[in-house]
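Just dropping this structure here.
We call the chains A, B, C and D, going by the order they appear; numbering starts again at 1 in every chain.
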Amino acid sequence: MLENLREEVWKANLALPRNNLVVETTGNVSGLDKESGLVIIKPSGVNYSTLKKEDLVIVDLEGKIVEGKKKPSVDTSHHLYLYQNLKDVGGVIHTHSPYATMFALLEQPIPVYSTAHADIFGVKIPCTPYVDNQADHIGKAILRCREEGCPAILLGKHGLFTFDETPAKALRASIMLEYVAMIAKGALELASVLGVNLSAMPSEEVEIWYARHHGGGYGQDE
Amino acid sequence: MLENLREEVWKANLALPRNNLVVETTGNVSGLDKESGLVIIKPSGVNYSTLKKEDLVIVDLEGKIVEGKKKPSVDTSHHLYLYQNLKDVGGVIHTHSPYATMFALLEQPIPVYSTAHADIFGVKIPCTPYVDNQADHIGKAILRCREEGCPAILLGKHGLFTFDETPAKALRASIMLEYVAMIAKGALELASVLGVNLSAMPSEEVEIWYARHHGGGYGQDE
Amino acid sequence: MLENLREEVWKANLALPRNNLVVETTGNVSGLDKESGLVIIKPSGVNYSTLKKEDLVIVDLEGKIVEGKKKPSVDTSHHLYLYQNLKDVGGVIHTHSPYATMFALLEQPIPVYSTAHADIFGVKIPCTPYVDNQADHIGKAILRCREEGCPAILLGKHGLFTFDETPAKALRASIMLEYVAMIAKGALELASVLGVNLSAMPSEEVEIWYARHHGGGYGQDE
Amino acid sequence: MLENLREEVWKANLALPRNNLVVETTGNVSGLDKESGLVIIKPSGVNYSTLKKEDLVIVDLEGKIVEGKKKPSVDTSHHLYLYQNLKDVGGVIHTHSPYATMFALLEQPIPVYSTAHADIFGVKIPCTPYVDNQADHIGKAILRCREEGCPAILLGKHGLFTFDETPAKALRASIMLEYVAMIAKGALELASVLGVNLSAMPSEEVEIWYARHHGGGYGQDE
């Protein structure tokens, strides 16, 4: 059980550079084992190209190291805060993926400009104001600013978190957020040079796409 | 025969991520076997990295599953609408490739700015107004707005479809559309910062390039 | 001798997609064997991923096919025009590499903004006005507009040619031109949003860099 | 000892193209062996794809070749100037990585817009005015304009240098600088089209991130 989660967390960490979501060591994935209340997380400052499955660190929900020879990510306390406060969350990812981070540097949300955004997120991607990395500042800002049901949030001047039922689902949210940010920036630029307007989709239209994607019609039964 | 088509549809699906036309599971390719009237299409929500040839689903032109253990793409009805209504179409592709989608988010066509665009498409890439995903709304909008002879169309707020005699030819149209959209956006931006004008090619010049490319002089005899 | 040239032309063709200078089949490399007056060139419309060394076509300087089962590139006559009219040219490349083509679509040259540009080219990259693909229109426009000593030129609304002593050197010019165009566009955009000016380097400064790079100090003795 | 350094310098050179920091031969890495006072550096104009460990050149701090059959980089004198004048520097890298170079072409620094920038660099990335490549002009400009403690600097109209305790650390600075420049440019563009302001982080906030990253809490004990 814990070993399956370790495998999933390890694979999701390796997927970050492969999907151009991180450079160097600037991101981390964790997963929560609900039964035992233990969290498996990336060690701090270890390159993805050399990251071994057994390098992952197991901590309890208070952050005490239960297993592992390495120090856990410096962002561990933010991951734990989300597990403690968000019911149903079993996977958390933190990155500074470039296009999403461009919106974050302006402390601006990403409106729903595209059906792909509507499909996956169903609402705008919110952005917290800037907070520093001390104590529970980041966790609290996320809880205060997140959109109910939306597995992604931008952090002002900083980057982003995604959180979902599993590490694999949080990874999907991270990949789709970066895509959605890229086409949003591009469409805004194109609107500017063409002298036309880019408008957000009306919420009743957004709902049609979100419902199709999440209502059981999309994907295979598991 | 059907097995050759299955191979071609499978390979075209795998070419989508390799050519940066999709992220995650956001695209699909189908092919029509004219003799039997059967359509082979990607299953819904299956990642390209794990997609096996035998995962592809065979449906008839009314959408009834004839073979396959998985559910077909949620976009299947749009593919079928095109096969039912467009003579000579034997391959259909739907993606949200990023640069083409930037124009789609503005509900703007892509004028013929380059000889590469003239070579392949011969006319502007049209864009439908936004329609939702219900019933035949997408198929009807494509039929109403497409340019005769042009194998590509943008969908407002959404993405794009390409359709051609074979899945391989529809793939070529998808790759070239994304390239054409990328250089069109870049040239518009450059025109803006240089303070010069970007003009579309006159149609009589477009015709010279299109004729050379499609008149039998280009490529090898098959 | 001809076999060495065939190897070099083949490798340079394969380098085009690897360096993101082409999509699909939109580019071609040729080489001239000075002794025999024969030219080895890519066949028309053949994908780089399946291009075999023996697919290359050998033509004489009038375009008569001397060896090969495939049709040569539709751009063969433009290559031949350059070999006929430019002394010392032994390699020619035609592409629509995206950043260089953005300048071409505006029929604008690329000024010397960077020491990398000065190193390799020593002058601005000129751009011909738009010409069609008939007869010797492209070749003549290149001869009329090129900068003496500069192995690269943009073609209005179209793309670019590079030409140098060997196919390998023409490839280097193609790669560096795309890089130079990319940073030129980016710096122009950044200048615009920062409200500062981007000025071309004075020609006496350009000369210092060009002389170091071409004066025997750079690279290894061959 | 010298062989370990050779391995590290070789690997850091190969990492330049893999991280999209160079095209062709436009970059070089060196390392200093403090004990012997010898410097290992890339040979001039050799492609990374064919660079062998034994191609690296060993020079003393005055530039005399001590070992190696090839000519050292034309930038060797600039590397040596930094080793001679900057205590604790054991690795130097010169590139024209594209996004950082866009700022350099404008002779503009990169302000601290992001926590990632604060983490790694702690201050703005400064930019020297343009200088030519003669004598010690580049080295002197770097010394005059660098920010104390910051391992990176832009060179007006040219590119950049990074310098740190080891070649591996200088490589990390080069990778992070390019990332920081990319998101800075993107956020400036997005600010312009959204009509909002992009402000630099206050220095007391920058300090919080820098201290966490450099204060022993980040990464593994070595």
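Note that a contact is a pair of C-beta atoms (placed from the backbone, for glycine too) under 8 Å apart; a residue touches a chain by one contact, two chains touch by 3 or more.
Remember, it's a predicted structure, so these values are computed and weren't measured experimentally.
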Chains touching chain A and chain B alike, please list them. none
Regarding the chain A and chain D pair, does the interface count as same (over half of residue numbers shared) or different (under half shared)? different
Rounded Å distance between chain B and chain D, as computed from the means of their C-alpha atoms: 43
Taking each chain's mean CA coordinate, chain B and chain C are separated, in whole Å, by 31
Among chain A residues, those touching two or more other chains are 189, 191-192
Touching pairs - complete list by chain label: A-B, A-D, B-C, C-D
What does chain C use to touch chain D in their complex? 19, 113-116, 172, 175-176, 178-179, 182-184, 186-187, 189-194, 196, 198, 201, 205, 208-209, 212, 217-221
What residues on chain B touch chain A, complex-wise? 23-26, 43-46, 70-71, 74, 96, 98-99, 101-103, 105-106, 108, 130, 132-134, 157-159, 185, 188-189, 191-192
